[in-house]
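Next come two complexes built around chain A: one with chain B, the other with chain C.
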Partner chain A sequence: MITRFFPRSAKYAAWSWLSLRELRAAPAELYGTALFFATILLVFSSLWRKAAEVGLPLGLGSAELVWYLAATEWLLMSTPNVHLDMAEEIRRGDVAYALLRPVSYLSAHCARAVGQLVLRLTLLAPVAFGLAALFAQALPARPAALLQLAGYGLGACCMATLFRVALGLTAFWLHDISPLHWIWQKLSFVLGGLMLPLPFLPEALQRFAAFTPFPNMLYVPASVLTGAAPSVTRVLAQQLLWSGVALVTSVWLFSRARRAMELNGG
Partner chain B sequence: MANLSLTHRPRFPTLAFLRALIRTNLRAAFALRAAFWLQVVLMALNNWVFFSFWWLLFRKVPTLGGWQLGDVAVLFGVSACGFGLGVFFAGGVRKLGRSIESGELDALLTQPKPTLLYTLGSHSIVPGLGDIASGLILIVLSGKASLSSVPFIALAIVSSALVYIASGTLFFSAQFWFRQTDTVATKMWEALITFSLYPEPLFGGGLRLLLFTLIPAGFVSYIPAALVREPSATALLSVAVGPLLYWSLAAYVFRRGLMRYSSGNRFGSFGS
Partner chain C sequence: MSSAAAILVDQLKKSFRVRTSPARGVRSRLRNLFSPAFHTQQAVNGISFSIQPGERVAFIGPNGAGKSTTLKMLTGILRPDSGRAEVCGLSPWAQRERLAYRMGAVFGQRSQLWYHLPTQDSFDLLSHVYELPRALYQQRLQALSNSFELEELRRKPVRSLSLGERMRCEIAASLLHAPEILFLDEPSIGLDASAKHTIRQLLRDRSSNDGATLLLTSHDTADIESVCDRVIVIHHGSVLLDEPVRSLKQRLNTKRLTLHGDLNDLSVALPGVSVIERAPLQLTLEIATQVTPVARVVEHVLSRANIEDLSVEDPPLEAVVRALYEQEKAS
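Coming up: the complex of A and B.
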């Protein structure tokens, strides 16, 4: 339907569809992710149960924390590693062929990532929430919050994907982006509240985190399950703002990389 | 040049070969000096940022099953050092599944050297040095180590590294029997790393049995860390027996796997 009114979007829709089919054709990666998911939830459900023996802070129960972790891990594992694919393409020089295609390099990668994201979110949702129910031995306090989580989560993953595209583009200068990837990943663990909700952090770190995009990627959407999420308008405004920052950064990085490639002859 | 002489025969050829592999890997790692240091420093930073989880948690929760921050620091440190040491000197383990699948072992099978040793030692993962550095600093800062415990720390780290690599060899050797198991083997290895970073008292029942058999986090970190925290004859014996058991099994499985290995039709040189 969209492609009828916006014919130029047809090729990008095809990219999304293609990546979706690629992922479906090689399900081993998803099985592996599900296995890892189970490991993480098993470890943390044990951890929170032990911690609850001496009293958990912030008035949270161990079941609530397990559901919180399932939500943050679901969002993290659903976001495709588009930056690693881009970095590999740039490192191998395949980017020279990709640039010759009659599609925007950035839009094509974003479209591919969206295809993967939709499939991963859909397939990992029952894994995440099924395992959370199993290990927490309880449902969330407000089961309807799962729908709100899905909405906030989709926005958060799109935003995180755009930042990953920007990270991938740094491969034009860094060649190997794995160190940058680790730092970004671990910052999102701590400042995004992957394992611990942000109120666990010291005051100063919480204030610092508020100036970064990380809380909007994980903590904000997942906190609907602990009853601490901000209003819809605030969440949407922040996600849009940070998505804009990521998009502008990506376009700027790509234009600089392209200019450098043209000057140096690729 | 003297070493290349036809009349020169090293007394222990396998050890000489191992030394040559290590020397070559070190030279290759130092060739790109800036990238080398960047990877090492960022990996150490990465580990400390990850460890900050424990610092944040223990600010709010005083003990976890009797464990305090210092105990977890030793566990994390031993595991990080063991993993770093293992992948720096035997980083080829990470590529083992793909090498089997793509027929890359062909080039090694024609060499007059132990195939497993050659495969594992043919690649070095430089950030492993960052793991070692960050792990050692955590052990020192834990308050659980003293000068007298240095031999135990060294033994614990070497034992952990040996079990890490033996387990990796076992997981990735599944490719000899089943196709496309690289992803699952990788996740198994990651599960081993994950379990090894969390205190032992968290796990009980059947899971505990699993952690001392199929996913040997017990031999990778719990027992070696126990040797550092409270040295005992039992811990010392376990630290020696663990690697022996897992290496015997890994070598046997790899040898059996090689019998099933079917050559690829890939034309190229090893490592390309």
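Coming up: the complex of A and C.
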């Protein structure tokens, strides 16, 4: 149906499908992620249990924190590292040759990332929530919140993917994006509330985080499990706004890069 | 120049702004860090040529001659400083996407196949990329599978293919949308002798059958001799020579005479004749034909040795090209 009205969408759908198949054909990285997931949850669930013995702020219990961590890690690990693939392609000069095909370079990468994202979210969900139930020895206070998390989470991961695309494009100027990747990753850990919900942070930092996209990537969707999530309208509006910012930045960066490439080569 | 040409290049120029290396010393390095100096490097300096549909042309030159820059302009990756180019009647840099449907490209050191997946999956993706109707795609894939012997390879993941098998798949992938022009950059690099032979044969056959125009760059002159009919030699960004392969080989005015028989005591002391290779039962001579005619040399050796067989050939293209580059360097 979609391809009838948007004939060109078929090529990007094929791209998504192939990236999904590629991930299935080489699943070693996914197994490693699942193992890492189990380790993180084991360590932090023990930590939260000990911390709960002396009392946790905001009236949260250790089980809620374990479920929160499982949710944020699930979203973080499901978001494909599209920026690293793009940076490598740009560094090797392959990007110039990718332009020889009748496809949009950015759309192809986004389609590829969407395929991976859908599979990663699907395959890591039972790992995340099975382990969370095991280590927390409890289900979330409101199990239906898991469905809400899935919806918010998909939007959050798409938004995070678009930011990663923009990050990957900086390789045109930086060549090696690992320092920027490192900074971005640490900011998303802290300002996104990876380990702890944002209200655990000092107030000034919370206020600062609100002006960045990071809380919408992890904290906002995961907070449905702690009963602190904003309304659907607000979450959707914020995700759309930040996705728009990431998209415009990516398109702007790529058009500048393409101009530079046309003048100075790939 | 004909307007029906497959490729038309007219006074194409391209220069790059290159950062100048700082002089020795901390001071100059520091100055260069904050205020870098640049100079202009002329990569392509007003080249012109045209290629007719169905021609198989080699585009060669030493490293840094401007081959890749020209190819990048012809495929629309680079925008020239001045001049005009048309590929399939389109301006490559202004109409790159439209051109992409009508041209194919094979780069020996790059892959368009998905590494972990069976080749069939990459073919399927390309059929969507080039918006091929399903029936047409199946028909073309079957035809290519038959000529490139891909039936088994299509089911194997790309990572498990040998380099030769992968290159067969790469070329087939580039031909799937039946491009009018195929750009080939070092298609046989890294292949063994047998795989190189297969690739050259396939390229020649496909071009003859489909009438596709080939523009090939390669440092392996055997690729050029086997596939192409015409050679454009480029040096310092300008066309040094543009002529058929056959006449290029005759350009040096030399011939190679190979003799077989009992030749141990044979010495050929004639002006313009030199020994290229001596083996127990074989001797190869290079003859400068303007100094001593071949007939005179044959007569000379027949009268002095027991010759079982002899053959006269043009020098290999490699020797001709090397001589051309050396002449150009000396001038």
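Observations, loosely collected:
Operating definition for what follows: the second predicted complex is superposed on the first by the 266 of 266 C-alpha atoms of A that agree within 3 Å, B and C clash if a C-alpha of one lies under 4 Å from a C-alpha of the other, contacts with A are read in each partner's own complex, and residues count from 1 in each chain.
Just so it is clear, a contact is a pair of C-beta atoms (placed from the backbone, for glycine too) under 8 Å apart; a residue touches a chain by one contact, two chains touch by 3 or more.
Just so it is clear, the model here is predicted, and its values are computed rather than measured.
In the superposition on chain A, A:144 makes contact with neither chain B nor chain C. Of the two partner chains placed around the shared chain by superposition, chain B is the only one that A:31 touches, whereas chain C remains out of contact. Judged by the number of chain A residues each one touches, B leads among chain B and chain C. In the superposition on chain A, contact of A:204 is made with neither chain B nor chain C. Legend: residue contacts after superposition of the two complexes on their common chain; A:182 is shown touching chain B, with no touch to chain C.
In the overlay built on the shared chain, the residue A:50 is in contact with chain B alone; chain C does not reach it. After overlaying the two complexes on the shared chain, residue contacts for A:99 are found with chain C alone; chain B is out of touch. In the superposition on chain A, no chain A position is in contact with chain B in one complex as well as with chain C in the other.
On chain B, the positions that touch chain A within their shared complex are 35, 38-39, 42-43, 45-46, 49-50, 52-53, 56-57, 59-65, 127, 180-184, 186-188, 190-191, 194-195, 198, 201-203, 207. Against chain A, the residues of chain C that register as touching in their complex are 16-17, 69, 72, 75-79, 93, 96-97, 100-101, 103, 105, 107, 110, 112, 114, 116-117, 121-122, 124-125, 128-131, 157. Residues of chain A that touch chain C in their complex: 7-8, 10-11, 13-15, 18, 21-22, 25-26, 94, 96-97, 99-103, 261-266.
On the side of chain A, the complex with chain B involves touching residues 28-29, 31-33, 35-36, 39-40, 42-43, 46-47, 50-51, 53-58, 176, 178-180, 182-183, 185-187, 189-190, 195-196, 200-202.
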